[in-house]
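Worksheet: the structure to be examined is printed underneath.
Chains: A, B, C, D and E, in written order; residue numbering restarts at 1 for each.
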């Protein structure tokens, strides 16, 4: 009945993935002036989100989604959980929201752990190395990468008799995380990611968002990871989404097909 | 085919977690006088709940939820199961209920067991120690802590060939519970909890509600517990919710985005 | 590839658990004369059911439910499956049905087996012992106990490599059933039950309905059973419901909150 | 990595199980002339189906269902898959369809295999034995038995480490099928069945439809089979339905409660 | 903690399976001129899709589906993921879309791997052999075969303690894939297929679409594969669909029953 050593973590900004379907029947049936007002309010809300007018800092982006009968993803990153709760709710005040339904969502917080950045935690929370500090800041206060495609999935580690991540000694977990990270790094320049913790906030333990200009790179990165023991033996996945980024000013073009 | 010794328990107040979505389309479309009456009736109901006007004793609180396409959580604690059945139903009589849909719910009862408070059960249900009595009363007749964030999840213990909680001897279970409780106590002052039994009342065996001013503490407490064998080997979780407390008088501000 | 001896069973009356949600929005919006007619037809239907006007024999009862977003349970016991099919359908003819939606249901038949009442089956279906006959009649032709609270859940026995009920010799199963029954009997006077078979009729193998004036007794009975090997190793449960009995004449009070 | 010998099969007619709920609210609200037209078109469609006016051969039957919030089952047997696709779609053209919603469905094809009728396949597809030919024809071109009650469930064989049907040698599978069939035959005269393959057509591997005048016989047959290793170790079941047959001309009586 | 060698892959065109239900109630109720415009726009959209007017290359086809309460499948193959995102969305702009609801969908990309075509990858992406090049082109840039029936299912490989595809050495996986392919080839001329990767794009790892003039061949091919270890031990399947191809010009006949 040995209790394993948990990783130490530091938390940064909170993230809301807000998935919506479009009510295309209502959209086709709406008179022009209703559509125009909806587009105007939708565009203004999304542009305000990208400009982070609603909070001290953060980032937001919009995506046209495929699959899962979902049309839109609004991804919001903000300093506090109360911030992301409110930005999600503010969208529902717009005339554009009438043409959407909530389809899915995910709540998580950007974090770093001492699996891979032990120095950070050992040195009394003082990061002297400037390169490390920049790396940690990117992890804790992420900006959404400028890429054509997005992928999202929630995941967790197994707690099974043969494959029990939470019963592995710290060193083995750290080694797994490092090997896992090597694969990610080998896709540097092709795929970038925002990973965030969600234990207690949503149904899985982490959310992963990948960004790439070629979606095949996303597939190949994840396929390669699947052969690494940290995944082949210890990972459990939720649903997988994929989509194409679009600018708030292209909302009208999006709605026109 | 040995039958294991069950814990002895004592039950206190009943708890209803009542999750709702807001029908924002209807809200935006409603004329002012309809909204005003809805807000008035909603505020009055929620304030009456907090004041426990409907029963001899108890507590209630309201939360703005994130994730799971759920907007509101009404948490009601009352002396009897009939009390919580009625308070849940009374909300549906208000004009505000028209702008909500039921999204989820959970029924449980506050309890203490002799896993950790054996003395209580040994001494013929007489608790002479004043400190112990206060502790037990807080467990059996809980008041909702005054904190900014709430977390809710249902859970149960596994009955699998390798990890069978219900086939462990009492002493081992008691040791697990004690080790598990140590982690909780190490977050004293940062996270407080209301735990309640639900075997026969709802689909899991317990409900857990955590309260904290910093949601990262909720995540870290639950992550740390995940490395304890009582969780890594014996726990199965349901869905996880998180939300922000709000005062009944802020219902109008909430609905305004 | 040994085939195990199945229990011999005798079947009695058929049981329909008919779960409904109330459409409170429609109810609040309905004019008084529509509500009055709905209440009148609802009350009349439910009173007719309790009086078993629609069949040769049986019993019916109504409950205000908590949890699972379900409001009402109509429990109907009748001599044939065609009887319960029709009584369920007849409700949908009433004006009250307009204010409800079907939420769940369960179909089963009261049965006795020779796990515990071997004598019954050995003696050429002749039961000479008057006490035994009364016991069997209560099992086969159950009347709904007069208690304040109801609990319902479907269950089945596992067919897994390590825990395979259907691969146990008859004697071991019989011993399990007897040990399981001992726990139930120890709650005599506090909790009574109606257990019915549903293999081929619905998704689980049995339905269990428990009745008690104190719901904590239902929880404690089921928790105690969970430590018995017949449950800890061999039982798989469906959803759990709990509710409060009410009289057809209190339908108006129920609908008024 | 040995590949096991699959059974040889011969396919006959295609089967569609088309499950519907009735929209009772719409039915109660409909004016008399709308109801009359709906009943007329519904009766005509169902009578045409029973008479197999839409294809070269086959059979159809209607059932009043219990449980699963489903009201009606239309079972259609036709020579080709295109036939059953069209007969399902033709119902939706009737005015009666407006008062129903699709609730579930299942697609399968009647088949015989050489697990139990090897001779058939050995002799160059020539069946000399007249009794065997009649048996095979009944299996391949089934007529719906004239019985009061129907049961339906989909099923499949397990592919697990300990219980892997698809890794058993042909002889063992054949022995299992034969033992399984013995139980079925012991209910001859009391329960008859239509079993059909659905690999690639629907989510399970077979559909089973049982017919009996006493539903207790259906339960007891399936319970007995559950103790046979072919089921206790190798079967996985989907949902179970039960219902009562009715004549197209009784559609009005059915809709009247 | 050995990391296994992943296959090298090359990606071709993207594929969207877009499943729809028909709203038959709305269709029956619609006035003639509304139906006519819907049919006209639906036919034009589908004919444009088949003619691939919306992208540089690709293919599209329409199917009348059975089962899963789904009526239509639109299968679109296009050079980029953005192409298939847009073609799916363009359908929702047509007046015909008003009579459909999205029921399911699947996103994947045609790919070849070096499990079976190692030469391709060894020779610096130069394919000298003309026959191999034609084979690879058919895999990467598939045209939808001209056959009466379609089958669709998503699948993935297991990552379990005993059956862990992702922990097998490359050679064993390659051998499995080759044995698996042998079965497929033995159905040459009877069943053709389009297989595509979907890791990171949708919930399973591959999508499979089979095409045949006799649906029994689809069933028998998949049944035979189920006895091959690559399936009996390592495959996990999603839902299975089956349907009949139809020409865009037959849309009116389809809607007329």
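Here is the rule we go by: contacts are C-beta pairs under 8 Å (C-beta built on N, C-alpha and C of every residue); 3 or more make two chains touch, one makes a residue touch a chain.
Quantities reported herein were computed from a predicted structural model and do not represent experimental measurements.
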item	value
Same or different residue numbers at the chain C/chain D copy interface, by half rule	different
Separation of mean Cα positions, chain E and chain C [Å, integer]	46
Centroid spacing, where centroids are CA-atom means, of chain A and chain E in whole angstrom	28
In chain C, residues with contacts to at least two other chains	161
Category of the chain touch graph - line, ring, star, complete, other	ring
Interface residues, chain B side, partner chain A - complex	21-22, 24-25, 28-29, 64-69, 71, 148-149, 151, 153, 160-163, 172, 175-176, 179, 210, 215-216, 218-224, 226-229, 231-233, 235, 239-240, 242-244, 254, 256-257
Residues on chain B engaged by chain C in the complex (per definition of touch)	1-7, 9, 11, 14, 16, 81-82, 84-86, 88-90, 92-93, 95, 97-98, 102-107, 109, 159, 161, 164, 166-167, 197-203
